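Chain nomenclature is as follows: A, B, C and D, assigned in order of appearance, with residue numbering initiated at 1 for each chain independently.
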């Protein structure tokens, strides 16, 4: 890597999970659009073939778009090849297969526990964490060895605990967990400004927000648009849509949204309860609240206007993307170049000193939220600049939302501890303490054992 | 008040709620047994007659027991008469009548919400707080005016928020909230030492405990008896009794216990969940946990071996005590002198510099539990000595129990704020945020309005 | 005020101390250069004539430079006229006259205590604070009354305590204290990069620094330039120049610098002591350290390569500026338009939502430096955006520099308390506790009384 | 060890530095007087002969006083023999010889730096720490190995950093640092109560004090005697004696006091400066303040009514005690049994669960003083009971005394770090940062090197 005027050349980016067809394509597109950066992206995937496909697709970008030839793509045979001396490491992996995810999401249904996503918190999120975090421990150790100064950008869920264990394993790691859910909420605020106050927002980024909380249960404690306080406007918006929901029509437009339906009713209900803006999709938000509120049963979920995404849908979606990948490899379909809305590349530029950036990010709490535990990974705004990510001081989380949040945070800490110690008793302690878990200890144990058994192919580190 | 050798003479004690037949009699008995203190007790009660009765009973102590003639009792006509230049103020009042308590405890049952006690947290505790705290604000102001240096000992529930609002109203007040629930847990530990390890404990006080938490949801994070760690022994005890409960026989012995039944199964379950000893009766503990755990319905309660105390029982009990009081006034029955087990008088001695005392107490958090909000009233051990009550440093509450506790603490802070501002919207915010509340906002509003309406005779300060 | 596309029209700026010939001219120049803002500047000064002069000069800008006609200038007869509904308030005042400053700076010399500036800390800074802070209390009250939502930009020294008392008097005030000393240090770092590593920095702003501390005793705990860690380079620079100093030639160039001489030897010595970069001029830095280090006597000062600025110089300088002002009023001299390097106007733009800004600023510590007292005004980086200034989380100040800093911070807190309570005993407590004060209590009292007496014309609020 | 009724039998106490003639004799006397404890004391000393002498003296106690035969004394050949399975470990050692102490105390005098004691802080305390702490690291490791559950009572200076490094080396150690200086201050307060208010205190322990700070720079923030606030009385006392000092006659009574003279003038001056009671002897207190205050030169010291204890006096004193030891071994002199005033044995009883104790003690700051750094060893009151030492919550140290204290604390942290890393550069950083050090860096380096060279026989771990 070296600087030439205000550009950086010969960057080495390691992409772990480089065979992915969502995140990897987004990054490839964003990198192509970034004239100030150039270099090589090493794609590593446990499925080498898919990484190889992506390398072909990536290298074909300059074939389809000769003006975008700044990056070369290489499918790495080993993670070491990808990581060695990397300047940036991007991690977006799927731990296990859809079969394991099937168990995570749907096994609890037999016990009357429903999950909208099942990859973040709740019982499914917990078991997914048990599978995923040991892999992150390995990567943390490799990064320490092979590229200790690299910036690590994690997109993998469960975001909070994945990022946490990177730091627990290699405390000097320079890692951030990135998530776009807050941006989605800025769009809702733009809608509110438009519908309630007749203010047309051309750039959702101009809605400035104070962010606090944890990933997928993030809260906006302030929002302004050109000196206008958005809160009173949003309150009116919430009162207007609290029963019917907002955006129903939009979300019916295509079959995909059937499983990602979100009428903002959970978000609105939480605002009316607490006076702060919950900044994630309803499917995520509901999983952080007591089960009785929004997810007692499928009827309740339906009444609240969101949906429980079935794993079957994910399987179908994956097949479709695989087919598309195959077509692109054969040049039957052209890779689509457009800004993904993700900030990974903008973050890289900022960290290289080319253009400062303020955005929300997941990093350990060093005191930016004084009343959440130190060391827990939290999501706040942060300032990305040459060589550093510095959190904004978010201040104490407001009392009313602290109670719900703290219950999750302590569970996440127990999960990380369980993985570090490879101790399933601690994991079970977290399992029975999860707000979504309405079962007694005996039944909890039965479900826990069943979920572990279903996914044991990926849990050998625990001695299963 | 003056010192003579190591005794104190001419103490003035103001007893607010001085017509009470439980706490007042206990104090009268304990004072009689304390040779180092003498003086006058002013009994004030909104029911003057009952205070007068107690004055007669108190002054008759020396008739029945000539050796115990250290205190004179006066029924005060006004609170000002009682408080003026008092050295100590004891507060144990019942806000409203049993009719209001009937509504607090039983109205939510119509909506499927059950309460074992209903005077501390939960929906009943909240409405009780709305009635009680304005009275405490008045007393805080009178104390500031009439006896600002007095030590105030509060026995009234809801303990935490009553004590809190005393400090919020008059920050220099020297008040403590006292509760005997922890002592009861020391007895359970003594049983465990005896049954599991064959160790006979003669003095439950010799079981030294580290106390942290909030009133009625207090936790022991360490317990030793003569250098023996009680925790492993208690774990064995819990494993042994987790299904059948402990003390069932004892609790069946009389009809009274039918409504105070406690097989320790909640306490045991919480230990097995979290690894710390919950130090209150099961009826209290259950009210702090998610409703689905122990109080989903009466059958669940029964299965967990405790009971929902009906207000009808309290009415009967009150009548019985009233009759007993009447008999004592007529000298048909002798007042019974025996140590009550309460520490109020021992605390007075300590504060006067006669004998230091370490015990658990409820005072505002100045940092003794760093990870609970500053200013919130918490329960920890404290050192009572000449002129001061200093909390022990309890340290951070362990993560696993912090989650549940913080949810309650933030609610208590909102309740106190609601009362200070006489703002029922904030009270409703707390109402919907209560872990016992499984209703949606609309139904919550209905229940809230109904409960307020039932008790509105005592809620005029809120403009009802 | 209203928005038109991405510009703001009809801004009202109140300038307190609007007759000043330094800060006011800077602001007028920067405003002229800012095409996105327009409106009116109200200049208020206790010397009305000087405000009137500046208004003439300001309005003449469009005469000399027709392209810069965005702001109108009005000399306000009362502070109320200036403040009423202002969008921004700028404060740069001189409390008292040069006679008082003469006493502040030079009276202690009779007792062997020397001061390089005497306006920030030390004995002179303290007495200056006693004069200045009551004026700031008045302004805080007027702002609360007349423009509570205005952003207040303070340039007045002693910066820390002036800003502090604004918040103490009107806690909701939106005030920041601004100072350019850190920028000067970035220039030194640019020199180091150039001289030691051959790296030419074109924009000192590209040297990204982590800022922590208090005004004029600010520290850089990290500095990077395009991913290059500046610290090892600066260490080499310090080793090279520790004896001879850096920039001696430059500073000899003109007579003015004779009194502002700064060979960076104090800055270098502090780096070699503590390993962190002190980010203010040596004359300021020396005043925060024990007297024995750099200011034992004039010879020591000279040896360290800086100078004690005499007040006589300030008198001369003021006369010169006054003459220049008079010439400009008569259009004998043209007002010079050039960017001042101050960030006031950039901050205004950011707060209006036009362009985000990250820079260092003085605001109360809400936890951005956890190991300095909460509420004390500290200097860290902050993010200026639409409607908010949010401090970066600076983290704990490193242990080694915490000791020196804390001694000053506690003194500043005592000074503010002394002013709030109009209590000269507390002021004296701070006086004897100042690190520059090497006298015993009796002699301290004599000097204190003498300094107060010399300046008593401006101390009547204390009953003098 | 086992319990019999309320006594403990077969205790094993390891005494490191068991040949000492001060602390060891005190402990032997106190143990003899304690009927509830019995067992064996293993005396280990690098000078085996002196340990053997003490064993003879100890075992002879029952010869001279047949009623006191509860403890047997054994001179241990190795520390391992003493420590193996010990219940208590007492450490009171002298690192190096008087030659090293001679250098610590008197070498800085050549450079104009005077020290009254030279064993705690300042330049002498620092070099003494460099000698002592590596020995404590060794003992911490042995204790971890041989008696991890033992309670460790440290009497060795520099107390704070010795205790600190025990915890840094073996974080689970159960160690306390004990010091009697606070008791001495209670005697001064008793004098004040008597002389000013005519109140005769029979038991200095009845003066209840709130203690905060660090060893030998401890402060009383409250003091009451039977509900009487001692502060106003002490203020009168201070005003009365501020010039002439108190106790001058007493301190002249014998030659020994010539070198321990203390007229309380420093203590009084600090009270008049800060309003809090400094609770250590003046010789210690002066060493924590800027040199210019009380120790600029021997004349200043004399004027403040205390003395600089020369090491020659310590040599003479040691010889005298050695001679006395020899006489006792030969039964020419009888060992004197009387309560020493030290609390070591009372602490043991409390920790064994026999009798609770509240007293001041040095342990790491876990938050008991929130505004001092976590982990730093601080001195506050603590509650000794069965199996635990729990600090009282002391609260934030008052601002005025925080500044001086923090400067020392950060230096102590650097010293501990220097020892842990065996890094003399860090030690030098602390050396130049010491408030007693008025030299510039070059001269400081010369003195530092000289002091290290003088004591290098004991500094080989640093590679000297």
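We adopt the following convention: contacts are C-beta pairs under 8 Å (C-beta built on N, C-alpha and C of every residue); 3 or more make two chains touch, one makes a residue touch a chain.
This one's a predicted model, so the numbers in the text were calculated from it and none came from an experiment.
Engineer: Taking contacts as defined above, which has more of them, B-D or A-B?
Structural biologist: B-D
Engineer: Among all chains, whose Cα centre is located farthest from the one for chain D?
Structural biologist: With centres defined by C-alpha atoms, farthest from chain D sits A.
Engineer: In whole angstrom, what separates the CA-based centres of chain A and chain B?
Structural biologist: 46
Engineer: According to the definition of touch, which chains form touching pairs?
Structural biologist: Contacting pairs: A-B, A-C, B-D, C-D.
Engineer: Which residues, counting only chain A, touch chain B once they are in their complex?
Structural biologist: 269, 272-275, 290-293, 371, 373, 399-400, 402-404, 406-411, 413-414, 429, 432-433, 435, 438, 440-441
Engineer: Enumerate the contact residues on chain D facing chain B in the complex.
Structural biologist: 3, 206, 208, 210, 222, 224-227, 229, 351-353, 356, 358, 366-368, 370, 381, 383, 385-388, 390-393, 395-396
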